[in-house]
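In the two complexes below, chain A is the common chain; its partner is chain B in one and chain C in the other.
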Partner chain A sequence: MTTFLIAVGTLCAICVGLSLVLVVADRYLSDYGRCRITINGGSRSLDVRGGQSLLNALGGEKIFIPSACGGRGTCGLCKLRVRSGGGPVLPTEDPHLTADERRDGVRLSCQVKVRNDLDIEIPEHLFSVREFAASVETMEDLTYDTKRVRLALVAPPEIAFVPGQYIQLQCPAYGDNPEPVYRAYSLSSDPADPRHAEMLIRLVPKGICTTWVFTRLKPGTPVTFNGPYGDFRLHDGTGEMIFIAGGSGMAPFCSILAAMRQAGNPRPTRYFFGAKAVRDLFLLDEMKRFESDLPDFRFIPALSAPDPTDLWNGERGLITDVVGRHYPDCRDKQAYLCGSPGMIDACINVLSGRGMPPENIFYDKFA
Partner chain B sequence: MTVPLAVTTPGAPGGLAAQLLIIFLAAALTDNILLTRFLGMCSFLAISRQMKTSLGLGVAVAFVTTVTAAINYLVHRYITAPLGVEFLDLIVFIVVIAAFVQILEMAVERFSPALYFALGIFLPLITVNCAILGVSLFMLNKQGYGLWQALVYGAGNGVGWLLAILLMAGIRQKLKEDKIPAGLRGAPITLIISGIIALGFIGFSGMVKF
Partner chain C sequence: MKANPGERSIRERMAPGVLSQDGFLGTDGRSLQEIVAADRAELERAGVTPDEVADVIDGLHAAADRGLETPCPACDGRVSVEEIEVMGRIPCPFGCGYRAHKAVLRVHVAGRVFELTPLHAHLIREHGFFQGRGAAFRLEPADAIALVRLCRTASSGATD
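Moving on to the complex of A and B:
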C-alpha cells in the first residue's frame, strides 16, 4: 500500500515539477518583447506582443483576416504577403501555397509567428472587415434541414457589403465544442437594409456550427460575427447571366437579385436551382416576386430525384444536364455558381464544353 | 549527497579517461543502438533519403540522447531508486524526455532561429524516438555507472545513431531506385541495407571488449 502511494505521489510530483519548469521556460523563452508590424509599405503600423501568431496579433488589433479553421493551418484562407521578417515557409504551409505564391512571399498568417519586426501586405478591402455584435431576430424553417436566420445588428449598427459576400459567424464553446470556431455563411440579405444580416443555413450532420444554430439559437440569442469577406459579386457585361446553385447556395443570389431589383437591372438572367425532390425547394414565392419585379428574370428549379408523390411538371434531371439542355452555346454568356466543390467543377465542365470562356465563370465554393 | 562523478570498475583497464573512451566506442560501434537493436527505425527509414536532413536529425538525436541519459541517471539515482519505485523508471523517463525536448525546442527557437528552421519538424519527432528512451533504460542495466559514464554512454549511443543514419543516407543517395524491383523500393531495400551494415558492424566487436 505504501509503495502504491509513494509511486503515485512520486509520479505526480515529477509531472507537476516538469510542468512548472515548462511554464517558467515558456514565460522566459517565448518572450519576444514588442514587435512592430508594418502594413502596406507604412500606411499603417502596429505595435504588438511578440510570440503569438500573426493571425492572432492582427485579430487583437481588430484587423480580421478570414480563417475558417481557427489557426490550425488546415483551411488555407488566411494567406497574406509577408515581405520581410517571416522566416522560411514551414512544412505546414507548403500544401496550401502555389509556386507563384511562394515566390511572392505569400504565407499562412496563422503559421507565421511574430518573432521580430514584420513588413506585410493586407488587401485594402480587409480593413473594412469589422466585428459585429448582433442578436437573432427571426429563425424561419425553409425546409426540413434549412433555416433562414435573420440577425439584427447591435454594434456597429450597420453593415456595408457587396451582394455575394460572406461573413464568418462565431459559434461559441458549447457541449463537446471546447473553443469558439468560425464558419463562413453567405449573406442573403437585401443590401438596402444594412441594419440586418440574413443567412441561409443548412444542417450539416454532426457539424459543430450548424448543430449549434439548429439546437441552441433562438430569437433574442446574442451572436458575434465578422465580415464581410469575399470577391464573389456581379460583374459588368450585357450578355445573359446564368446563376446555378442548390440548397443554401441560394443565399448570395437572394442578395444579388435584391440589388438588381433596386437598380432595375435589365440583363437577362436565369437561375437554375438544383434539388432532389419537392421537399427541398424553398423561397418559391420570393423567386416569383423577383420574376415579376425584374425586367427579364426566370427561376428554373430542377428535381433530380422527385418523390413518387410529388406533382412536378418542371425540369427533371441533374442540374448540369438541365443547364446543358437549355444552352447549347454559352459563348457570350456569364455564369455565377455557388455550392459544393464537386457541383461547381461539374458545372464548369459543362459550361466550358459549350464554349463559355473561363473568365466569364464566377463561383463561390463552399469548402 | 555528492554525485559520484565516476565509479571506476575494478578490472577495467587504465584510468577514467580510458574507461570513458571504451564506453563511448562500445556504445557507438559494437553496440550501435540502431544496427544491433533496431531502435529508432521509423525516423531512420523516413528521413535517411538525404544527407542534409539526416545530419540535422542525427545531430538533434545525439544531443537529446546525451543530455536525457544524464538527466535520467540523476532521476533514477536520486528519486526513483531511493524511494524504491524503480518500476516507474519507464514512464518517468518518457515524461522527462518529452519535457526536455519541449524546452529545447523553445530555446532553439528563441536563440537560434536558423537552427530552429533547419531542424524544423525533427525536434518534435524526437520525442517519440524509441532509441532515446532505449538508451536511458539500457543505461540502468550497466553496472557501476556514475554521471560521467551515463553522459558518455548517452553520447556514444547518440553518435552511433548519427553515424548509422549518415551511412544510410550516403548509400541511399547513390541508390538508383529504378533498378530495384518495385516491391523492394523504399523501406524494404533500406531494411536489407541496414542488415548488411549491421553485419559489417559486427567486425567492431573484436576491436572493443566491454
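Moving on to the complex of A and C:
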C-alpha cells in the first residue's frame, strides 16, 4: 500500500513539475517584447505588447474592429489588410477569406498574433469607433418578442452617429456561455439626443445575446458597447423615398425619421412595414407623429397573415406584393431596406423589376 | 471511445455558448463517431440517405423563404413552414468553413413543430450529424425519415 501511495505521489509531483515548466516556458519563451504596428502607411503607429492577437492589441489602443464572436475566429467580421508581418494565413482564417482577399493580404485580426512589427491598413471610419459604458435606463415591451432598450451613456457621456448606423452590444459571460460575445444592433435613437442609445431587440429563439437581453437585462444594469459602425444612411436626392422594413428592421428608420424631422426634410417618403398580424406591429403612435410632423410622410403597415380577430382594414399581403402594387414604376425613386436577407433580396427583385436603378437601392441586411 | 485532438476541438466548438446558446451535443455522452454512426444506421434501415434528408430540409427552407416569415405550405400542403431570419451567420462546428445564415425554420406537421436551422442540411449532408441527444436543435432520424417520406410522396404526386 505504501509503495502504491509513493508511486502515485511521485507521479503527481512529476505532473505538477512538468506543468510548472510549461507555464514558465510559456511566460518567457512566448515573450515577444514590444512590437510596432504601423497603420495606413504610417499615419498612425502603435507600440504594443507582443504575444496578443492583433484584434486585442488594437482594442487595447481604443481602435475597435467589428467582431461578433469575441475573437474566436468564427464570425469573420474583423478583417483587416496586413501588408507585412502577419505570418501565414491560418487554417482558422481560410474559410472566411475569398481568393481576392487572400491575394490582397486580408486577414482576420483576431487570428493574427502580434509576434513582430506589423504594417496594416484600417478603414479610416473605424478610428471614430469608441467603446461606451452605459446603463439600462428603460426596457419597454413593444410586442411579445421585441423590446426597446434605452441606454443612458456613462463614459463617454455622448455618442455621435449617423442615423442608420449600428452598435455592437457586449453580452457578458453568463450561464453556460463562457465568454463575452458582441451582437450588432441598429440605433433607433434620435441623434439629437446624444446622451442615450436606443435599440429595438427582437428575441431570437435560443439566441445567446437576445436571451441575455430578455432574461437578465433590467433598468440599472451596466452594459458595454462599441460603435458606431455601418454605412446605411440617407443619400442625397429629391425624388420619393421608399422605406421598407420588417421586425426589428424598424430601428434605423426611427433614427432616420427623427433626423428628417429635426432637419425639416421635405422629401416625399413612404414607409412600408411588413408584419404577420396586428400583434407584430409596434410604434404605431410614433409613426403617426412622424406623419404629422414631416411634410410628406406616410407609414404603411402591411399584414401578411392577420388574425381573424384583428379587424384589419389596412394593406394585406407580403410586403413585396404591397410595394409592387403601390409602385408600377420606380425609376425616379430611392429605396432604403432593412430586414432579413430574404426580405431584402425579394424587395430588390421587385424594385429592380420596376426600373429602380441598383445605385438607388440602399440596404442594411441582417447578414 | 476516446476523442482524438480533432474531435476535441470540434466538441469544444459544439459546447453551449460557443457558437450557439445551447450547443450541439445536448446531454449526449457518446463520441461524435458514435452519434453519427448510430443515426446513419437508423437512416439506412429505413432506406433513406443523408442527402435525401438534406434535400428535403433545403426545400422547406426555400418554401419558407418565399413566405418572408409568414407561414406557408410546403410538400403539397402537407407541411406548413415559417422562418425567422436574424442578423449574422453561424459557422459549421466541424470547422469546414461553411457558414449558414442565422435563422430558425419552424416546420408544422401533423400537430408537431420541428425547429431547424440552415445549418441542419449542411451538418446532415456533409457530416452525417443530426446533433446529440437532448440538443435543442437535434432532428431525430425517425422524424427526418418521416419528413422525407411525406415530402417524397408529395413531390411524386402520390398519396399516402
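As a convention for this text, the second predicted complex is superposed on the first by the 324 of 367 C-alpha atoms of A that agree within 3 Å, B and C clash if a C-alpha of one lies under 4 Å from a C-alpha of the other, contacts with A are read in each partner's own complex, and residues count from 1 in each chain.
Assume a contact is a pair of C-beta atoms (placed from the backbone, for glycine too) under 8 Å apart; a residue touches a chain by one contact, two chains touch by 3 or more.
This is a predicted model, so every value here is computed, not measured.
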Touching partner for A:P178 - first (chain B), second (chain C), both, neither: second
Touched partner set for A:D94, first chain B, second chain C, both or neither: second
Partner chain in contact with A:K147 - chain B first, chain C second, else both or neither: neither
Which partner reaches more residues of chain A (counting touched residues only), chain B or chain C: C
Partner chain in contact with A:A305 - chain B first, chain C second, else both or neither: second
Partner chain(s) touched by A:K79 [first = chain B, second = chain C, both, neither]: neither
Contacts of A:K206 with chain B and chain C, given as first, second, both or neither: second
Partner chain(s) touched by A:R107 [first = chain B, second = chain C, both, neither]: neither
Residues of chain A that lie at the interface with chain B and also at the interface with chain C: 91
Interfacial residue positions of chain B with respect to chain A in the complex: 75, 79-80, 83-85, 87-88, 91-92, 95-96, 99, 102-103, 106-107, 109-110, 113, 117, 120-121
In the complex with chain C, residue positions of chain A that touch it: 68, 72, 74-76, 91-92, 94-96, 173, 175-179, 183-184, 202, 204-208, 211, 246-247, 274, 276, 304-305, 318-320, 340-343, 346, 366-367
Complex interface listing, chain C residues touching chain A: 13, 15-23, 65, 67-71, 83-91, 95-99, 101-104, 115, 136-137
Chain B contact footprint on chain A (complex, rising order): 3, 6-7, 10-11, 14-15, 18-19, 21-22, 25-26, 29-30, 32, 87-88, 90-91, 115
